Amino acid sequence: MTPLPTSHLTPVPTPAPAPLLSVDDLVVQYRRPGAEPTRAVAGVSLEVRAGEVVGLVGESGCGKSTLARAVCGLTAPKEGTIAFEGAPVGPLGVRRRDPGLTRVQMVFQDPYGSLNPRRRIGAQIADGIRAAAARGDAADGATPGDLLTRVGLSADDAARYPQEFSGGQRQRIAIARALAARPRLLVGDEPISALDASAQSQVATLMRLLAVESGAGLLFISHDLSVVRLIADRIAVMYLGRIVETGPTAEVWANPRHPYTRALLAAIPQPDGAGLLPAELPGDVPDPAAPPSGCRFHPRCPVAFDGCDREDPQLVAGGVACRLYAA
Amino acid sequence: SGGTSAPGSAGGKTLVVDTSFNLKTADPGREFEPTGSIVDKALYETLLTFKGGDVTKPLPGLASSYEESPDSKVLTLHLRAGAKFSDGSAVTADDVVFSLTRVIGLKGNPSFLLDGVTVAKKDASTVTLTSEKANPALPNILPNPALGILNAKAVRAQGGTATAADAAEKYLNKSSAGSGPYTLTSFNANTQVVLAKNPKYNGAQKPTYDKIVLRNVQAPTQKLNVQRGDSQIALDLNSDQTAGIAGGLKVLSGPSSDVIFLLLNLDPGVSDATADAKFREAVRKGIDYKSLLTLGGSGSVQPGGVIPSTFVGALPPGQAPARDLAGAKAALAASKIKNPSVKLSYASDLTLDGLSFQSMAERVQAQLKEVGVKVTLAPAPTTTELDNYRNGKEQVGLWYWGPDYPDPSDYLAFLPGGLVGLRAGSKAGADPALTALGEQAATTTDAAGRQKLYEEIQTDLNDDGAFIPLMQPSRHIVAASSVTGLAYNPVWTIDVAELGAK
Amino acid sequence: MGNVLEITGLTVDLPAEGGPRRILHGVDLALRPGRIHGLAGESGSGKTMTGLAVLGLLPSGARTTGRVRLDGTDLLTLPPRRLGELRGRAISMVFQDPSTSLHPMLSVGHQLTDHLRHHLELDKKAARARAADLLGQVRIPNPQEALGSYPHQFSGGMRQRIAIAIALACEPKVLIADEPTTALDVTVQAGVLRLLRGLCDDLGLAVLLVTHDLGVMSAIADEVSVMRYGRVVETGPRGRVLTAPSHDYTRTLLDALPGRST
Amino acid sequence: MSLSSVPSKGKGGRRLLARHPLARFLLRRTATAVLLAFGVTLVTFILTNLVPGDPAAAALGQRAVGDPAIVAQFRHHYGLDKPLPLQYVTYLGNLFQGDLGESQQSHQSVLTDLSTAVPATLELAGAAIVVSLVVGVAFGVVAALRRDRFTDQLLRVVSLLGVSVPTFWLALLAFYVFFYRLGIAPGSGRIAPDLTAPPHVTGLYTVDAALAGQWQVFWSAAGHLVLPALVLTAYTVGLLTRFTRSAVLEVLGQDYVRAARAKGLPGRTVLFQYVLRAALVPVITVAGLAFGALLSGTVLVESIFAWPGLGAYAYRSATTLDLPAVMGVGLVVGIVYLTVNLAVDVLYGVIDPRVRVQ
Amino acid sequence: MRRLPRAWRRPLAVVGGVLAGLWLVIVLAAPVLAPHDPLAQDLPRLAGPGPGHWFGTDELGRDVLSRVLYGARVSIPLALLLVSLSLLIGGVLGACAGFFGRWVDETVMRIADLVFAFPTVILAMVVAAALGASLQNAVLAVLVVAWPSYARVTRGLVMGLRSREFVLSGRLLGFSAWRSLRVDVLPNVLGPLLVLATLDIGTATLLLSGLSFLGLGAKPPTAEWGAMVASGTQQFDKWWIGVFPGLAILTVVLAFNFLGDALRDALDPGTARTLGAEKERVA
């Protein structure tokens, strides 16, 4: 495979007026037999604009996948709205998806589970092309082979089965399939976390490149902050079903404001050979079924003060949900 | 292992009898199954009885003597003095009246035995049985174990009445209330029945065995059990199964009184073919009776007519139908039926004396094929098929008739309008001459006259009737050589009280 | 100080269709007390196999040559019984995923005490007391209660600490940690790394830390070895290997890091 | 009692039920059981009434069946003269009072019939499942530990033979060889005929005899149990061997087993405490299913060994359209199935703490 | 030439394949192979094995060998038919239950539970008794008890697949539920189902012959193995009547079990996963 350039980041386009995706006060619950439901996403608002890459980071179990699935209509929201290009995203039923919604595509985490092992990859990519055609988009003449070359594979691979590829290659195929549908919004749910370190940044950069190239928005979910930093224009930090901070990547990186974001950044060990131990954040992510009262982060917060256990801070215009920054 | 104390030897005095159960109850008023008869024969005494296997002559039982009125309508019986129930009380005329009226009143399986009979007490030791019509068969009917005499007091105390409201069955399935040679120890209609010697029994012949165990065992297993000494008597082995038996065992064989017959429906609505007399003739001549007998094995016989060879009124074997293949084909050609095809119905799960109806049907099918008759086999479970049979819906049926009592009058059921006749589409009045013969036979009392009348009836039936008697299968009883006094009785199979030990 | 564990010329052949396949082609490593030796390398380079070979836990049918000397005793030629006596006692191992390396149906107390009792011949009470101590050391709150709990009742980070407690129960000299933080969140990872570092410093433990995360390596390893295709291609002090690698392969590894495109 | 106290009591009870997971579990189980029993009776009722045959024909003699008065009396006695829905409702009504009706064949209450037939079958199936579990699990473990060696192959052949051999045929061969030819097995039935059955407590002869201290009866009952039980185990041993093998193999590949070995625990400890515990979970499920298979197997085996069990009873009832008896059999079998399932679930809880907590 | 897949190189798989092949040949060529008419009653009755009748003769003087050979034409095609039908019915119902969930799932699974609550033979017995004894009804009876296991397995597999990423991807690309079921789900459950079906051919053969053994199956004079064993039970010491048909059942069932077992090993998801991971490393 050809190594892809990792440095030529397309410049951030000026934000378009209408957001491509707008999530408003979204709540998603999982019912559990004989117990209180789990609020995996507990009131999230988020926007993704065309051509923009939004990185969503957070620890395991904080609700990132749930949010991603809700955005694609795979999970029905309990409260709140999800609008894609101004139209609401309805949950997926028995009938086929609203053709307009095939403009939203997703790349999943597990490279082994995201391709049908019984079908040739060419046929699976062709499904994507057909989805675009079914929507009434004019054909752009792309064939599965073309798409495969775009993700760095050979056009001949179309006749092969998924088992014949490595994890990184499979993830590229999954991206090709998603792109074949010519999406306006691409959602990647930890698309690189199952890959080798060497493949991770390649695939991530490829995703950014292809999404931005086609003018689509990209919602990129990861718990690997260094990768997110590399490709995201904007970053959203999630904690226990809530977004606690959001802002342009460079800004958040340089000047994290929420105590959780700070802890998160400080915990990343740097491969600089300096031998510095990363900072530790005590405690674990609490069970989303029984979130702490008040600010959800307060039991672990190093700077919590009186009232944090009662008052639930909202995301303010500055992009941070913390009482330290309350007006 | 199994026979720890060598049961049956003089020490243990236990007799194990294996039979495949056909048993519903131990209550004589309701019992009419072969296994039930074995049990009740041992528990209850009847007014009259038979000895050994001879069913031609009724002998004294609880009644020491009897007189029949000249018109055969009134039977007077004198009770034996000194007979006692197992609780020590004496057997009285009241007990007899209660027991017999109860059989009638229960409307159970054996009720028909005393159809049209009223029972009355004449004095403390005499009863009279009065029939509506002449009933010369009654002395032959009375030995039936279903007509065993119960301890009226004990039974009444347990809810016994002479009506359908009777509630004594449960009690009679737990303990016996009779004067027979044995008492009931335990009863399970599905598994086994255990009897113990009745110390109060005062009949002429005292039983030998202290304990009788009747077990529900399938025929093939019966064979192994009796061969290994696990049991002393096996009742249901067929000829093939008895064939190899030797070494310390004895085999008692003889024709049973069950007659297997083929029914050809006379009703054109059921089958055009069988309603055609020529076709029936073709079938009658087409069957290879000798070859069928090989299935029944040694000891099986072909009866002359529907009445079994061991009964008064039987037709000599020489007059039985025989195979005549050419004749059969000729008859078939003479019939109006072209390419005849009939359905042979039978109960697939039915075996008689170890002979499976399955095999019989298969062989009949093969034989008639040679004549040019296509027979389709239509087996069904007995329950289902019995319904078809009863309703006269079978084209060709393979069934048997086991005598309810050892008297030829039992076979009048085969006449037009009779119980069996109707099943073959032979309606009342279809053959007035034959019907008249039947009525005459039923009321005739002198032996020679009866014999002649019944022979005539059977010849008539054999000519072009609906029934083709095929065979009386052989009945085999296999017993340990230590068991003496073994006899097969068509009414109750074996009388365990008659058995002795060597 | 001398080496407590010395691996020289270790080769491993695994049975495969069409004859044995060589997985390790002569690995040389040396661990010293109180130091953490990082082992990096891409997936499939044989890092895990090296660790397993030391403990004699290779899949059945595996053949080894070379030497693995623990305080002078060659582990590879040791009869199984003697090796069993050393395992968990003098040398122990922590695995990658704490949710699969703890038995889901046995209580934490049971898993912590059974080898304590076996190796140290402690009675039940003493073993439990020591187990509670250990849980305290790895900072599990409420150690007494935790002994009666089951793994699923703990979070991932706590489970990994329990796994470390189990590994350290009999005070071994050498700990082999196979990617002990890969399955954990970064904030939790930091805690586990600090714990490891502390234990190593306090107890004089020699640690072989397998990881492919060069950040982790940089944070706590004293020496670093890089493996490729079943061989150690470079060994040296952490600072030098991560800043001035001498082997091309190490350089490619470093280049693949996000944001490090030179 | 004041009326106002009633609702509060009810509410309290409900709260307790809602809170206590075990109570809720049992409640749900019982509800399922009742529903299932209802379903079983309904299905049996409908099926049995679909039969073209007439129970009167099956139960009455050839003469009696010709007498309309007797047939009418029979139908009246068994309630067959009522419309079908009413018959069913009546049956359910009686059922709630523990009355299963009277068998048309044995003239006894079905409950009485079942009280001898069910223990007979349970004794047989119980003995068989115990043997199967012991042998099957042992075989499975050995096969897994000796994977792909000769022993494994041998056990594979043995277990596949076990699941392939027709039970009824094996019963036939076994009875012929061991009883008839060699004479080392006792004959048919549950005990030697000259012995009296032990006093009825559980209905299991071995247990009852032991309780009563009748050791001769005990040994006879145990001896009679051996051959049919062994015949029955052929299938289940095969089944359990295959399942245990793959379960153990799966567990052997788990990290926690490797971790246990890394702790230096002796092989025995690893096998019995770490491997078997986890491997037993799937095995228990299969054992539950195997018990069902055993019940089926008994139907075929009982006739050959003249074992007076449920199979023989079911066969006779089904073929004679003995409705109350067939429904009784259906119910009992349903109950056994539910009990086995419940036992399996409880065992899960015992073995796996994760289940316990939920 | 491509190498045989691993499963087929196992000796047992070969034995199973050869046995099954032999029986299939017998099914096709029974009229050529059988020395006698299986229904002809022209040989001496109950003759032991010997020249002219190598498996002996039965109580009607029919050649047991010929009947055993012809019996293959009854049992094997019926077992295949039965398994295909239960696969079809159980597969469709199970797939619907697993894919659509909710009340469809509840309904199908409760019915399956109900059937599961009966021991197979007893339920089959009631069905056969209700409909009359015949091979068709026996097949129907076995069908009634056999489909739920397919439904359960299919449901489980489908439920597992339903949330798999590639199925979701398909839905996101605008597949209707049906297309998704057909294209993404069913092809992936077929493998395990076929293994189950292969193993089940044996079970079906056993059940069918069991019913015939009880007299609830094949109509005479059809040469059916279970019924032949049953007639063998009537003659314990004429062992050949029952032993040979029993052996026939055993070998047929064994053949398919050997095959199914090998297939299962080959398709075992655990093994498959490892194989996949292996490939990944090498690539």
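To keep things simple, chains are lettered A, B, C, D and E as they appear, and every chain counts its residues starting from 1.
We adopt the following convention: a contact is a pair of C-beta atoms (placed from the backbone, for glycine too) under 8 Å apart; a residue touches a chain by one contact, two chains touch by 3 or more.
A quick map from chain label to UniProt name: A, C = ABC transporter ATP-binding protein; D, E = ABC transporter permease.
Note that the coordinates shown come from a computational prediction; the quantities given were computed from them, not determined experimentally.
Chemist: Identify the chains adjacent to both chain B and chain E in the sense defined at the top.
Modeler: D
Chemist: Report the chain closest to the protein's overall CA mean, measuring from each chain's own CA mean.
Modeler: D
Chemist: Between A-C and C-D, which chain pair is linked by more C-beta pairs in contact?
Modeler: The comparison resolves to A-C.
Chemist: Where the centres are mean C-alpha positions, what is the separation of chain B from chain C, in Å?
Modeler: The separation of the two C-alpha centroids amounts to 88 Å.
Chemist: Could you give the separation in Å between the centres of chain C and chain D, each centre being the mean of its C-alpha atoms?
Modeler: The answer is 50 Å.
Chemist: Averaging only over C-alpha atoms, locate the centres of chain D and chain E and give their separation in whole Å.
Modeler: Inter-chain centre distance comes to 24 Å.
Chemist: Touching two or more other chains, which residues of chain E qualify?
Modeler: In chain E, residues 129, 132, 233, 236-237 touch at least two other chains, as defined above.
Chemist: Of all residues in chain B, which are in touch with two or more distinct other chains?
Modeler: Answer for chain B, listing residues that touch two or more other chains: 218, 224, 349, 381, 384.
Chemist: Got the chain A residues that touch at least 2 other chains?
Modeler: Chain A, residues with two or more chain partners: not present.
Chemist: If you look only at chain A, which of its residues touch chain C in the complex?
Modeler: 6-7, 59-60, 196-198, 200-202, 204, 223-227, 229-230, 263-264, 266-282, 284-285
Chemist: Within their complex, state which residues of chain D touch chain C.
Modeler: My answer: residues 254-256, 258-266, 269, 273-274, 277-278, 351-354, 357.
Chemist: Under the touch definition given earlier, write down the residues of chain C that touch chain D in their complex.
Modeler: Residues 52, 55, 57, 84-89, 92-93, 95-97, 100-107, 110, 114-115, 118-119, 150, 152-153, 163, 166-167 of chain C touch chain D in their complex.
Chemist: Given the complex with chain A, which residues does chain C contribute to the contact?
Modeler: On the chain C side, the touching residues are 42-43, 155-158, 185-191, 193-194, 197, 212-220, 238-243, 252-254, 256-259, 261.
Chemist: Taking the complex as given, what residues does chain E use to touch chain D?
Modeler: Interface residues on chain E, with respect to chain D: 11-12, 110, 113-114, 116-122, 125-127, 129-132, 202, 206, 209-210, 213-214, 226, 229-230, 232-233, 236-237, 239, 242-243, 246, 249-250, 253-254, 257-258, 261, 268, 270.
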